[in-house]
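Here subunit A shows up in two complexes: once beside subunit B, once beside subunit C.
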Partner chain A sequence: MVDLTKLREMAKEVISREDVRELIGYRPGTYGFRVRPAFVTGPDDADDLVFTPACVNNLASYIVLEEKLPVKRGEEPDLRKVAVMVKGCDSRALLQQMEEKAYPRERILVLGIPCTGVVDMAKVQARFPDVLEVGEIALEGEKLVLSAGGTKEEVPKEELLADKCTRCRYPTPLVYDELLDAEVERFADDDYADVAEMEKRSAADKWAYWEEKFNRCIRCYSCRNVCPMCYCEDCVLLRLQPQWMRRSVDLSENTAYHISRAYHLAGRCIQCGECQRVCPVDIPLMELNRKFSKDVLELYDYEPGTDVENPPLLSTFKVEDREDFIM
Partner chain B sequence: MAEKNDFEPNIVAFLCNWCSYAGADLAGTSRIQYPSNVRVIRVMCSGRVNPLFIMNALQQGADGVLISGCHPGDCHYMQGNYYARRRFNLMRNFLEHLGVEPQRVRMSWVSASEGAKWKEVIEEVREGVKEVGPMDQFKRRQLNW
Partner chain C sequence: MAVKKLSKEKLGEALGELSKFRLIAPAKSDDVVVFKQIGDAGEAFLGYGNSTVPPKKFAFPQTETLFRFVVGNPELNEKNVEEEGTTVIFGLRPCDARAMAIVDKLFSWDFEDPYYLKRRELTTLVGMACVEPPSVNCFCASVGGNPFGTEGLDMLLTDMGDYYLVQELTDKGKKLAETLSAQLEDAAADDEKKAEQMALDAKGKIRRSIDTAGIPEKLPDLWENELWKKVSAACLGCGICTYLCPTCHCFDIQDEVEEMGEGRRCRMWDSCMFGEYTVHASGHNPRPTRKERTRNRINHKYSYYPEHFEVIACVGCGRCINLCPVNIDILDILDQVVDAS
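Moving on, here comes the complex of A and B:
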């Protein structure tokens, strides 16, 4: 577990530096077990910072989502660093962003958190539906201790753990300037058994499954907005000329939306699971993303966000790429 | 089943200007008969084909989509078909994952001299799509207000 005193001290030190503009971390939420992102601009705010298994958000999204305000005449743009706390999976988002040259490495300062897993808030919510006080989740050995309003409960870790953490390949951040704790050994692996299972089903079966899901989508675009890799200024989903999909919420347009979103993340999605987490109607978006992840790994031996020197998957090719599907 | 075999599919084909379009042209000038189900859209290179074209065609009434370009190494722009191959492979696998039969989404290499191959390709695509029937998974429907 990350030592809070150490975390806050380091945050204070970082935010006091001349060349750092802002620090993005986590702070307790207003009720229940949730935490929320904290945007720290001075040493005093750093006292709120926490890191617990409730820190599910991928803060890498904020680095690319920030609106670049026009600079006033005679003023220089603020090019100081932004410091950001990342878990192992989140750090891959940073690597992938830099691989795509979204910003240069020296614009960010990475506070890496070796991670032993975070909870799935939906599971926590289902188990403790009416906690109104601000609660806390801590990991003690293999148990999660949830305390709120004077009561304390212990739950085995695997009961509340997020799905992505049960197949985490990179618990220790792959990029960092400061590491907040000792490195964590890889404790799980990913065999894509869930995707393979789906692949075996018949076409009619698969479509029946997805038809129900896509029909439910309300096109709120939360899944796109939260994604650390969805940062194009001119998004294909909002284009009017050409209009790739209509605004109407119906099966055809929804399917087009899901195909476009998922395809645009082919070879880019780093599997942080944020898209699925924020979906208000519980569409299993990871099952779409994971199909691509499996394919790019199997076909092109490519894993997004693991090597900043790798050129982006779809802007390169190899002469010997597979072509057994070509007539 | 008899009903299904009467069905004549709409096939949209994206052909590259330098090889496949010329190949189809050659089939025509050599008087090779090939199925008339195919609607050709000429693009400058198979690398020009945005994978979303496939989705869009299927949405707008195509029962099958074919992308065709020069053989590897023959691309007029040196590398366009290599990029197309990667993009297409992922898209085809993904559509299959959603329940769109792989027979609907095809890719071929047809050179400017392969008029006869063009005929074979079209026949095969047509047979494949006939087998799986009309595309109705996520076809755009006209609403009657």
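Moving on, here comes the complex of A and C:
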């Protein structure tokens, strides 16, 4: 577990540096076991920072979500660093963004948090639907301890842990300037058994499965907006002349949207699972993304967001690249 | 208007009777509760808190074709809403029905929207009272609503255990009761009293609240206040809060090509949280960042709407709080509005 005093001390030190403009971390939410992203601009704001297994958000998204307004005449652009707290999985987003040259490395200051797992907030909500008071979640050994309003409950961690954590190979961030605690040993492995299971199903069966899901998509674009890898300034969805994708919400266009997004993430998705977490109508988007991840790993032995020196998969060509699946 | 009862054993039969109309009811899509057209009574799922997506799309479709056209042919193939037929929305919550009553004011204001109004005319709303608040973030009582509220409804059902108490509220509701005359029975004399007590209890169980007094008047003065930057900092700019809001009603109109030389003009939901919302043809955007967009969302509900229609355009269903991926909480924002100076 992260020592909060240490975390806040470090945050205060970092935000006091002259070359740091803002620090992005977590603070308690407004109700229940939620936390929310915190945007710290001065040492005093650092006092309510937390890190707990409820810190599900991938804050790397905010680095590319930042709105760049035109600089007013006579003013200089603010080029100071943004400091960002990342878990192991989140750090892969930063690496992938940098592999793609989304911004220079010097623009960010990475506060790495060795992570022992975060919860699936939907599972927590289902188990404790009536908690209104701001509560806390802590990991104690193999148990998650949830406390709110004077009551305390212990739950075996596997009951509430996010799926991605049960197969996490990178609990310690792969990139950081400061590491908040000792490294965490890899505690799980990923055999893509879920994808293999899906691959066994017939095309008709798979289509029936996805038809149900895509039919209820409301195209709120939360999956796109939360994605740390979805940062094109000119998104294909916004093009009206020609209109690449219709705005109409129906099965056909919803399917086109989700398949396009999955393709755009092939070889880029770092599996933070944010798209699936935020979907208000529970579309299991990671099942699509993980299929591509498995293919990319098997075909090209490539894993996005693991090595900043690695060029992005789809921007490279090697003579020995496999092509037997094309013809 | 009369008060009747419907035994739970006869619910299936009653829904079967109603399915001669276009019957919309809560149903499960995997584990997600959505309102959809149901063919047989078994599809309806009444063990729900509230639906994830409000039933507003059955009055205001997410995508609606206004007319179709063929290149070279001046004739337009216009939409006829009447073809959709008489619709019954069964089992919606009082907050969602009240939302429709609020949105009606907009669509019949300076321009009478023929599509929306025709559809509303053809639709009968059968509500299901909230004996328990569906979520911790319900706050209907703070914004003029009530877990047993009848505004906007034609008929209200209350779960009394073995049966539903059925209150006819309008002529449409009375007509619907006539359709169900074989299933409805007379209610016991003290049922209405019992329901009144249940309504009081239900109101007492609502956990969250806000005192809205003075907020609509105060908001215009807070235009440049620093609070907007703070409350929008975490916003992702997605459409969850607005698309799941039963009162949000912004739309965009676009032409879409269907086949070569054929197309349609349609309107679809839009969201003030999107970057391209109200971008001018020049490229200028009066709401360039999420700060202005969040400010617009709150002002539209709590300032502009009360100014024009004397009602807050928020019914306290709590969906925007429950489903915001980054815990932006409208009650937290309103608290900051109250505290701001």
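Everything below uses one rule, namely that the second predicted complex is superposed on the first by the 324 of 327 C-alpha atoms of A that agree within 3 Å, B and C clash if a C-alpha of one lies under 4 Å from a C-alpha of the other, contacts with A are read in each partner's own complex, and residues count from 1 in each chain.
The definition used in the following text is that contacts are C-beta pairs under 8 Å (C-beta built on N, C-alpha and C of every residue); 3 or more make two chains touch, one makes a residue touch a chain.
Remember, predicted model here, so these are calculated numbers, not experimental data.
Undergrad: With the two structures laid over each other on chain A, which partner does A:A204 touch: subunit B (first), subunit C (second), both, or neither?
TA: After superposition on chain A, A:A204 lies in contact with subunit B alone.
Undergrad: Report for A:N310: first if it touches subunit B alone, second if subunit C alone, otherwise both or neither.
TA: neither
Undergrad: For A:A266, is the partner it touches subunit B (first), subunit C (second), both, or none of the two (neither)?
TA: The answer is first: A:A266 touches subunit B but not subunit C.
Undergrad: Mind working out whether A:Q243 is in touch with subunit B, subunit C, both or neither, as first, second, both or neither?
TA: A:Q243 sits against subunit C, while subunit B stays out of touch.
Undergrad: After lining up the shared chain so the two structures overlap, which partner does A:S61 touch, if you call subunit B first and subunit C second: first, second, both or neither?
TA: After superposing on A, A:S61 lies in contact with subunit C but is clear of subunit B.
Undergrad: In the superposed arrangement, which partner chain does A:D321 touch: subunit B (first), subunit C (second), both, or neither?
TA: first
Undergrad: Pick out the shared contact residues on subunit A: the ones touching subunit B in one complex and subunit C in the other.
TA: Residues 250 of subunit A touch both subunit B and subunit C.
Undergrad: Tell me, which parts of subunit C touch subunit A in their complex?
TA: Per the touch definition, subunit C meets subunit A at residues 29-32, 34, 52-53, 62-63, 135-137, 207-208, 233-234, 236-240, 243-244, 252, 254, 256-257, 266, 268-269, 271, 274-276, 288-290, 321, 323, 325-329, 331-332.
Undergrad: Contact residues on subunit A for subunit B in the complex?
TA: 195, 198-199, 203-211, 214, 236, 244, 250-253, 255-256, 259-260, 262-263, 266-267, 288, 291-292, 295-296, 299-300, 313-315, 317-319, 321-323, 325-327
Undergrad: Quick check on the complex: what are the subunit B residues that touch subunit A?
TA: 51-52, 55-56, 59, 72, 79, 82-83, 85-87, 89-102, 106-109, 121, 124-125, 132, 137-141
Undergrad: What does subunit A use to touch subunit C in their complex?
TA: For subunit A paired with subunit C, touching residues are 29-32, 34-37, 39, 57, 61-62, 65, 67, 69, 129-132, 212-213, 215-216, 218-222, 224-226, 238, 240, 243, 246-250, 274, 277-278, 280-282.
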